[in-house]
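One structure coming up, written as structure tokens, with questions to follow.
Naming follows writing order (A, B, C and D), and every chain is counted from residue 1.
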């Protein structure tokens, strides 16, 4: 920090240094920072702002620093506050006065915006890839268990029979939207801010389009004040991550419920379950629980950043330094969760016997009975009402639908005929044969479509 | 609720009715609900699921109900729980048994998803229009004050001179991203869920593509379980609204600060300021303060919905009923804030004299002095350091830069020559002439581009 | 608002009026506002600031207004912005010029702080009473099912047997902390702010202690600037409500899980369950789901208020107007949830047969087996490890513990003797006989203690 | 983790290990964990559950481990997952089989609850001490500037004159409530959970009261299921920290605004300000900005924990592991912020000249003029209205109140007499002489009271 204290008479208090330093966490921007500086040096030379030879020395110096960092040889100094100053200071150590020229036509404000944008771009793409892997795991689990029928739940009560694969593909759709959302983020983060200077632009004849090309950006920022104070791209990532984590928390909840002895629908692979410190008989779905818990963490990071940004006057304020730790944590948490879910999902063992048990009660066919009456001419609401009474009666008698006599049926509607007995779980499934329905042909179609999406992406 | 209690023996407790009813707030979906039902009736007839004549009667009944509601003649009954049941029950009153056929091949689960999607689509478009109006107000205020120069702030400290118009255009950019984000929302909400039934699809040969066309959707949902439990589109709106409101809170903060006597940069029109109940001399920026305060409300609604969705198993759960009140409030709050801001911004009076006063101190040209030294051959960091010492010296002497002698300048660098006196606010502005910089020609260009965007949108 | 526009030349814009008015929701402070004004009038007379007779007329006028409001005869006018101005304006209509004296030595800033404190005090006490009723319902459900044994779960996996009453009493403890927390809130809200004026205090010789006594406060505020800008008491209520709602969401989750067919532990009374619009066989735990969903709403309101308060300079800012709607909603939501839970919990029917089924597997006694080995001299970790292997073996053999031969036991530890067969669910329960343990004698003791707490509170 | 995988056939996946390990952050509970284990060992011996000599060896082993950790000699192994297992495993390495006895009558569930409670107790007390120091800094800054008069603001507009000390003491009051709130937290965290076992209590004859005494707790938990799943004390800390940080964010905002050139009320000490990387003339209030920004972080952590706890069934779930990182970060952030604020506040230099300038306009005495008319017999609202017109007139004439002639005054009320000129800033201050008012005698009284509070606390 000393180098920017020129005008000050006193050293910063030690607790101040600790309070303000960020290299503890922003060191991980080193690759982006160096890439940005290399492009900047090239541009300065190209525009004759510095000498060609100077640029080459600067670039060589920066590359050497990158190597040192990657080899664990670099000494990060919290007194130098952040990754940018650590690198610049080391560059000056390495190549002398020349190093002091690198910051020409640049401010830390546009530099940090650049580094963070480069980082978020990369991590957003990585998030998309990981989500693709999880989609693959879902599809492969669905494929493996294509014939498994389970109750479709509403209110955690069995409602209508569905294919297990159909249930899993609901998550495929959610993740598809997540990917779509992350792609929208990519669009907005893909803006090159360098040249905005501290707030007003720079006084040199720089070439921003060149910088954008060098660094792989498709657009440049259009207002310097906005460019140095905009962190929408951080919020964009954090909102996409929050919604994605919400989806994962739903899957986590189902995995936990399905793993319970009472449901017993699935068993987790030993590699993805944990034992108990005191109860040797336990096999706990810890991964799913942790993921469910970490949902809070990701929401909290979003809320933190929204709060931090609230009511900040333009342009750069130090509050913005709070953007990074939360973002990094959101990224790490999301990536590791998606990764570990891919492993967990693809190794799930489905306990068909247990699932079948839950389908023994055929009250789950009640909607089909109502639809039957409608087809015979009853109005839907009246049909619904008749079947509701039929269920109450059957329950009281302790009988399944299939155990009721036709006379008993007819007490509730004269439209019931013997063909009512032909309604089964299988006919129920097959009948839901519109796009998006659970009929086996539809689910088969969806699985194919899903695989096509995954394949196309690979190419 | 009585009609869906067929199987139950007891009436719901009164406090239960109050706890569970939603017509108090979901009545506002009546247009969407009726439009959805009309399309559904048409489709049922087209597919020969009901008679053509029945469909016509149903449609006539629904239209009559819509008229009644719009004329304030409709009696909403909380005992009928929600808008859907209120309308259906009234339809049955009007056209008898026929009305009971409308719910064929439909469930409240897909019906409510449809209504809400229709509503969010409309309100998202409306949000975009209102934001366009606010952009216009910003551009017109910028146009009117094109020559006004003000300090560009970082850390609420004067950093470099900028054009007032440049500052305002930073908000134009933020709103541009908001509009872009709302357009992304439109993409994801534009999915027709009808045909998903309660959870598994429906057993009738319905035509979902027809429904989508009738209702103006470009896509249909691809998984019934996802379709009835997906509320991403609510979260999408609420996140876009939160980020947008954050931008408005920044503008609000500046309006408050600029309206303070100490800054005195602007004066609000009487129509957009408020007096004090006890201090007659006060003119308070209440609108801006309220908007800043309401930022919390919109964040809170987002956090609420994220929390509500956390860890819900598939598919529909009653928790989802909590989606609407928060969403409606977010929409209302955002729309009214943007609207009132348009009026407030377009009537702002800029106090040029007061702004000019803040530019009296020319230390704001310090970066330009450093850049001057760089151009003379100094390395940037050394130049920065020299000027920092110069500032400290000038401050101690109580002199402006322009009041320092050339000898005094040269104490800090021999590179200072007489041409240093030619650095002024105006040359400083003009020098920042890259894209996005504050040079008058750049700002002029940006204003033109902004107007082009606004004009194109009108066409 | 017109009366406080004296200095302004223009009327406020219509959209501004709508944006800023609060009587739409703050009308519900009318009793507090009138009580505060009556006490204020008495004090003004007592201190000879106004005439005794004037005070009497003012009080009569205020009482008449209160009656009008309670009889639904009062016309609230949004143009008069808030409840305070509505009442004051009506008072002036009623008693003429005299009414204009009431605001002497008072500002809307301290007036609104007073009204809200009175309101929160009352609602906090009411929250405590409602929680007591829910505690009663829990205790009575526990009493009725004192002998019911169920698995104690960790990770939603059966861990060790516990009494159902023990499980319920865990919620008694949580609510006990909630009550304690609300009592802490009472302490901090119980501070009389009147006399703080707009910001600096008032210039009249008022008697603040008298006001406090009249209005039932035990303390007066000690700094006028703090008093008009402090909303900690709102946050205190909202945090206590959030934590309380979190507890209720846990209970809600268990009720939902226990109501599932797969668990089948409980059945909700028909009055507290809901049917399906399409599936007549369903009995859905809607109340519990709604409550779980509303948790988000209450969290959101807290987050909103925290955000609103962030970084507000002293003293009063219009942002603070955002305190009320969220608070009112939090209060209403909490009170109605607790009330409806009391009814739901007290009518729960426990399905002992189903619970018993889950205890058929005696692996739940694994900890007891490990403790058995420890008592025979094994170190705990080794005992744990031996039993873990035993469980794996038994599982593979498809045997219960009770079905293993002693030789089979001894494969895993020579310390196993025939007395191992005396370990049963009942001995397991009875052995956990420390304070807070699930042994029947302990639970009996806890039930008695709980009833004592409830009884003491009634007196 | 291997030691609790006894029953499992596969090793955990590497990514699973990384996902689930917590020693990376929970290592900092080592002192609490060891203290808890020592007390536990003593108790086990006292109750003859283990031998006296064994307990001594265990305790010696634990003390040795503590020393190793404090000397940086201890190797933390993430494969051993958490701090508890790291210590236990090292103990077994050190003292052999004996070490395996320590976990008798204990589970990780009650152990972790204990450790965290011990930690929170300590950190809560530390938070209170640090807040006392900040209160001291405020009082000392107030003392030093006892005569400074400034505008009291509402809506960031000058409202009435106040003493600078009065303004500062408003923050003293806020922190006083924070301390009170942390004391309430202490009450609820001060509960000893050991003996709750995994969920149901333990089967050994342990002495929980002894454990409580040894570890300095005043109460023991009363329900084992609640004790292992309760994290209210974490939320209690995080809510108190959030409200406290909100207060600090308000102070931060004022310091930033007051440090602006336009206000110029204060100057920060060089040790507590930062320079700019590009603008050598800048002196930025970075500490205050960072603190304002970190408010979001603390809110986010609270929201995270509330979300994590939502809808968790009893008792322990792995989600709870998410309690620690957020809590630790909240604690660290709050403590460091309060500490750095103490330094910053106590070194603030007040620029009396600049403050005085803002008092030149005497419109700030408008309330005093209205009160003057009231004393002469005018009703308050009429007086307010008359003065409002007077202000408008004076503004139009470009005159101060003191520059108006008595005739001009009388145009607005005949009650104005020559004594109106005796109303000054000083009389205005002095007149607000009720408890909590800004009159110098009142402020003097408040300062004394504040110092008394601080002194009492030291004793």
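The definition used in the following text is that contacts are C-beta pairs under 8 Å (C-beta built on N, C-alpha and C of every residue); 3 or more make two chains touch, one makes a residue touch a chain.
Just so it is clear, the structure is predicted and the values come from calculations on it, not from any experiment.
Colleague: Which chains make contact with subunit A and with subunit B at once?
Modeller: Touching subunit A as well as subunit B, we find C, D.
Colleague: Once you count every C-beta pair in contact for both, which comes out on top, B-C or C-D?
Modeller: The comparison resolves to C-D.
Colleague: Between subunit B and subunit C, what distance separates the C-alpha centroids? Give it in angstrom.
Modeller: Distance between chain centres, rounded to whole Å: 33 Å.
Colleague: On a C-alpha centroid basis, what's the spacing between subunit C and subunit D, in Å?
Modeller: A distance of 23 Å separates the two centres.
Colleague: If a residue has to touch 2 or more other chains to count, which residues of subunit C qualify?
Modeller: Residues 4, 6-7, 103, 109, 154-156, 159-160, 197-198, 257, 275-281, 283-284, 286, 289, 292, 295-296, 299, 302-303, 306-307, 309-311, 317-318, 367, 384-385, 388-389, 391.
Colleague: For subunit C, which residues count as touching subunit D in their complex?
Modeller: 3-4, 6-7, 88, 92, 97-104, 109, 152-156, 159-162, 166-167, 169-174, 177, 180-181, 184, 187-188, 195-206, 208, 220-230, 232, 235-236, 239, 242-243, 246, 249-250, 252-254, 257, 292, 295-296, 299, 302-303, 306-307, 309-318, 367-368, 371, 374, 379-382, 384-385, 388-389, 391-392, 428-429, 431-439, 442, 446, 449
Colleague: Could you pull out which subunit C residues touch subunit A in their complex?
Modeller: 154-160, 256-257, 259-263, 275-286, 289, 303, 306-307, 310-311, 358, 361, 363-364, 366-367, 370, 384-385, 387-391
Colleague: Using the touch definition up top, name the residues of subunit A that touch subunit D in the complex.
Modeller: 1, 4-13, 15-16, 18-20, 103, 107-109, 197-198, 269-281, 283-284, 286-287, 289-290, 292-297, 299-310, 317-322, 325-326, 336-337, 339-340, 343
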